[in-house]
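The following pair of complexes shares a single chain, chain A, combined with chain B in the former and chain C in the latter.
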Partner chain A sequence: MRLQGRSTLTCYGIILPTMVMLLTFVYLPVVWAFSKSFYAFEIGGASRFVGLGNYSEYLLEDPTFFPSLANMLLLTLFAVVVRLTVPLIVAKLIHSLPRERWRYVYRLVFLVPIVVPGVAVQLIWAGLIYSDSGLVNEFLRWLDLSHWTHGWLSDPRTALVCVAMVGFPFVGAFEVLIYYAGLSAIPQSVHEAAAIEGATGMRKFLQVDVPLVLSQLKLIAILTVIGSVQGFQSLIILTRGGPGFKTTVPGLWMYYNAFSFQRMGYACSIGVLLFLLILTLTILNLKYFKSSETVQGI
Partner chain B sequence: MRMSRARLCAIHAALLTFAALTLLPFFFLVNNIFRTNAEFYHAFFSFPKAFDQAIRLTGRSLAGDEAPVEVEDDDGQTREVSKAEGIRHHLARAGQGPRRAWRIVRPYMINSLIVSGLTALGVILFGSTTAYILSRYRFLGHRAIFLLILSTMMFPGVLTLVPSFMLVTKMRLLNTYWVMVLPYVAGGQVFAIFVFKSFFDGLPEELFECARIDGAGHLHLYLSIVLPLSKPVIAVVLVMNVLGTWNGWLWPFITNPEGTHHVIASGLYVMATTSHASNFSTMFAAYAIASIPLLILFIYATKPFIRGMTSGALKA
Partner chain C sequence: MTLRRVFKHGSLAAVVATGVWLLWPAHSQLASAPASGSPAGQAGQAYVLKFSPGQSYYPDSHPFGLGKALSGLATVVRAFEARFPDTKVEIISTPGVREYLVTQLAGGQAPDIINVNVEDVWTDVHKGWYVPLDGFLEAPNPFVVEKGDPNLPGAKQWWDMFRYQAISRGKAAPDGKNYCLTFDMVETGIYYNKDILAELHLTVPKTWDELLVTLGKIRASGRTPLVMHMGAYHDWLMDLMFDQLYFDLLPGIDLVQDPSREPYLQGYLDWDELAFLHTKGFFNRDDPRYVQIWQRMRELRNYTNQDLVSTDTMREFITQRAAMIWHTTAFSYRLSGDKDLGFRWGVFYLPPFTKKTSPHASGRPMCVIGGAATQFEVTNRAVSDTDPSLAMPERIRRSQRLKRVIALLQFMCLPEQNAKIVNEYPAFVPNIVGVDALPVLRPFEKILDRRYTTTKWVFTFDLRFSEIQQRMLGLYLTDGIDLAGFLDWQERNLTAACANLRRRKALDLGRLERAWQAKASARAGMIDLPPRVRKESVP
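Let's look at the complex of A and B:
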């Protein structure tokens, strides 16, 4: 409905709280992230303009830069691979069951872990799975392989792998539901046509199902990349970035600079760099991986 | 197309394996809620001894054995008691972890209920009203405003975490509920506006036209048409929002330096960094208690949620 005069004012009035909150708690911090990244300061302390000094220090002099970038890339790559495969296989298995009742039960079963807060899940993995007398070591002892037991998260050789393995077997409930929705949207006639062509089993899955859930795969891929590039909260719980810098990622280093070393401007500059990386990857994804149908965004 | 029995069995076997591996950590979690540290260290794969003994005593007393039994108290003293008393003693021992955990996490849980509740209320209220206006009315700048709202989605949390902290420090909001609720509502309403608006866009204009001809104002339209129709959308927004606010621990952790307003997620992290961490049954019981409210939410909201997720409440 087209409006003028007083009704327009009413409309502005109704959306005013939304806009005030967005400008205060989203746009102002975004502006500050950029502007404060050119200063060196502590909270409540005097600030000094350093130009691009924070950026050049991080990119050229910071000893964590290369190891943390490598860790982030490895963790991101691993996360993308497992989230594109395991939940899709599970969704396909559920979808191929003939009875709706079972399909519903399995979807529900994989949804159960969602109720456990993420912080608890990571504490469980640190304290119950990887700890000295945790599941992995006790299982090895039970197999009489005691000489293999060790501190999985404190050994520099295994720390990063173990961080990546948290959440095994990676059947994410949201991914399963999204892939399941994609598989359900494939018309029965497509499957019948494929069957007439003689496609069965694996070949049918790869050549019929996978291309038809491509938009869902892309969505999960980009969401996983965005999540992994800025994901550091689990590392605070699991390893604190150690041993050494073996599991440090740029986001974690930003957190420590802001909240442990009181280098707020330096932390802002790392945040800006991560944002630019995420922005570039998102644009690349939209530009080069566009299919005939529009990519569905959450 | 019919499926062979062997194939069906293979699919079930594969799915059950995935489910078992997924749920394995939680099984050990629940098991260790009722066990002592000594049991955790020395017999990782066995069931709680306290339950074991309680069941054995029940069996013996059912078999007619009236002889008193010996139980050991926390201070290491043993005493002779009747069978019923012995059973009660063992069950009480098993319940020690949960009781201790509940005493610690009760204030965190109350804070979480307040923060998540207020946030969900704000997100649904502001999200649905703004979406309703943007969806049903054309006025100067409506497109620009929608774009301004949507483009906040491209700013990741990692960009705004540090400056947001500087902002709430400057606003003197640290150690209050508002330091969590206000930014949560500001950020959470964007997704809600997006979902609500695509839902309202699909509603026929006649619905609103009729009511308007009858002289209904914004408030009337909102209460009598918009809200009743959008129940499935509200379910999706509510679940996604509560999931986020219930699970978020870093923001509550850094914005409550005095520890007065910790929510359950940040409270669990705080517990894990203090001496409570050395008491496994207490910690594990706290994780379980933290999961119960979301479990209840899911029992009520799963059906509309799964339906909403699969039927396209989330599609652009």
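Let's look at the complex of A and C:
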């Protein structure tokens, strides 16, 4: 009994540093952000309690609220759709290859780009593809379609679409690997039963494979929603949210308010609202998006 | 069993030890902690000063990828260190973004000397992040004094060493104090391809209308007439056009004459004046001059590069796809240093509006919008050897570290040292008496002799105002929004900025109102004032 107690203590001791750091650098800032969202304050300046003033200002008065929310929803929807489809198709194609050697080669080929930092990818798109003398415009000039060339990221009609298209053809290595693992976990007996029932090709993919990787789809959906609602890294590199507010999202506006305009309390209130939005979307996802275990009745 | 226990406890000890090691402050942090009182570098060095000069003079850099690596600043700093063996100056590069600087200043960790636009500093001066330099500037420069000639500039006041007094002293913050050392000067100009203009039988335009005609002819030849970036519209052109259209109103709307700055900045409209004038109906859709600024800007847009964000404007001009480029003095080096340029070039300043351009045109030459280029500010780190609870004047009085920081700036202002830095390559016009501008920059000296701008819109209000104005102006100029929509944004933006200003700065509107009433007669004969002002004028 005494030994067990000491062992337990040892285990707690091992996780203690992690917990301390987690509390200090993750949970404490979150609590701090919640409390500061009720204050008007700037870095180095005085703090003044304003109650729900920051929230009401953002939701009711800030002219960026509706356009940025719409941008965020569109980008999130687009990201969810492409990440639930394209990588799954690619994973299925790899998984369908007859020889393990080629399956390995393709997995490797799709995995290698994961080591390239996201910032570098964004800079390549901004500098080499969309710029005035970038790949797209030069290609159009080569086709003698100079009148079609323009500033893809500075034109309000094309900026949001161009931002969404960064990462084309959307074969994310992480998603491919997750789906590939899900497809590999489908028992051989299921494939055999499907073959006996006459399910092949697209029908088998839609009616057998997809339902059995629902857990993976659910995971990717949740991660994509979280990433899209929170993320603004690509936007700050590509367009800084412009032209105008055509590609601004709430996360980016939060960043500007916090570090450029020094409106920390206001930025905290935007952060809290984003947290609540992510929480709601995640709960809805967990509740209404079936997992493969549910489908299988496990 | 014993082995398992050893492993368990060993693992635990390793985790704890690693955690402690990771969290332990680095030696340098311990050495420079404010509590220690005297930051130490190597043996015998009592002061380790951090100096962020910006990119223009950064040692070993190659501006525009041309010429030899820069060494001027490093040479001067080494000479300073030789004079003060107890001091080491670390020249460091810091990100040029405000986000970085604000967090560093809040933590007292910013470099002792930084180089940022002082208008950005003004926003934060009440937080004690910066050291006012007035006391030092009004005292003699000790390095000049030791030369023994009492008639040398700087022997009586350090101020006297600066050539462009109006601009240098005009950098005083609205609280009346000067936080900025104006090290050199920058101005903008239109660089043009002489060969293209000659080929098209065009000459340098003398008026704004001529400029538009010239640009139209260049466009007809298949070239981009003028390349410029978005900031040139948002910042430079805004101030130039505002000055052209509002200059004649100044006798009736310049409400405050700041005794310390007015001799140098005649008629300058500060943020309190702009905020007050806004309450009187200026700077909205009912103000015809204000509307015309944006209309004239949109007209010019027809002749400039399509993409205002990502166009490589320099490349367009160098490759002769564009006939003109609006750029700063620094671009002179890019052109003069390029042996394979392949065309002749010149510089002219923007020509003035005429009555044909606008009925409100003053007809005066375009004003100066450039001015101070390298602007050195001394941060709270320079007084980190004093008790932070003390008031700034007392910290300034007690700090030994600050004395050394100021000495470095004073040393860099000696003509013989200053020339090594500023004239190492032609980027900026020297601001020290006795240091001549390099020949290629002389056209800009004449521009800098003009009257300074009426106001600097971008730096007048908070950063949120500037951000929104730039974004929505960009949208308007790219046809993403019409003039009415843009003015709607701009009005809301300015109203919010003025409200923020009143809240943060506690403006004395009563004083401005009295000044406004006192100038009623001056406004009596003025035409096209906003409707509210006209109503007030009716007896």
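Keep in mind that, in the parts below, the second predicted complex is superposed on the first by the 276 of 298 C-alpha atoms of A that agree within 3 Å, B and C clash if a C-alpha of one lies under 4 Å from a C-alpha of the other, contacts with A are read in each partner's own complex, and residues count from 1 in each chain.
As a convention for this text, contacts are C-beta pairs under 8 Å (C-beta built on N, C-alpha and C of every residue); 3 or more make two chains touch, one makes a residue touch a chain.
This one's a predicted model, so the numbers in the text were calculated from it and none came from an experiment.
The superposition on chain A brings chain B into a clash with chain C. In the superposition on chain A, contact is made by A:Trp125 with chain B only, not with chain C. By the touch criterion defined above, A:Ala195 reaches chain B but does not reach chain C. Touched residues of chain A were counted for both chain B and chain C, and B has more of them.
Residue contacts after overlaying the shared chain place A:Thr10 against chain B and chain C alike. Legend: residue contacts after superposition of the two complexes on their common chain; A:Ile43 is shown touching both chain B and chain C. Contacts of A:Phe25 after superposition: chain B is touched, whereas chain C is not reached. When the shared chain is aligned, chain C comes close enough to touch A:Phe261, but chain B does not.
Touch criterion met: A:Gly241 reaches chain C, while chain B stays clear of it.
Of the two partner chains placed by the overlay, neither chain B nor chain C lies in contact with A:Leu286.
Touch criterion met: A:Gly271 reaches chain B, while chain C stays clear of it. In the overlay built on chain A, none of the stretches 129-137, 201-209, 219-227 or 291-299 of chain B clash with chain C except 219-227. When the two complexes are superposed on chain A, the residues of chain A that touch both chain B and chain C are 7, 10, 14, 17, 21, 43-44, 133, 259. Across the interface of their complex, chain A is touched by residues 1-3, 8, 11-12, 14-15, 18-19, 21-26, 28-29, 32, 40-41, 44-45, 126-127, 129-130, 133-134, 136-140, 142, 145, 148-149, 152, 154-167, 169, 182-183, 185-187, 189-191, 193, 205, 208, 212, 218, 243, 246-247, 249-250, 254, 264-266, 268-269, 272, 277, 280, 283-284, 287, 290-291, 294-295, 297-298, 302, 306, 309-310, 312, 314-316 of chain B. On the chain A side of its complex with chain B, the touching residues are 1-4, 7-8, 10-12, 14-15, 17-19, 21-22, 24-30, 32-33, 36, 43-44, 86, 90, 93-94, 96-98, 102, 104, 106-121, 123-125, 127-129, 133-135, 138, 142, 168-169, 171, 174, 177-178, 180-181, 184, 191, 195, 226, 229-230, 232-233, 236-237, 251, 254-255, 258-259, 264, 267-268, 271-272, 274-275, 278-279, 282, 294, 296-298. The touching residues of chain C, when paired with chain A in their complex, are 8-9, 11-12, 15-16, 18-19, 98-99, 102-103, 105-106, 123-124, 126-129, 305-312, 315, 462-464, 467, 471-472, 474-475, 478-481, 489, 492. Residues of chain A touching chain C in their complex: 7, 10, 13-14, 17, 20-21, 43-45, 63, 126, 130-133, 150-151, 153-157, 239, 241-246, 256-257, 259-263.
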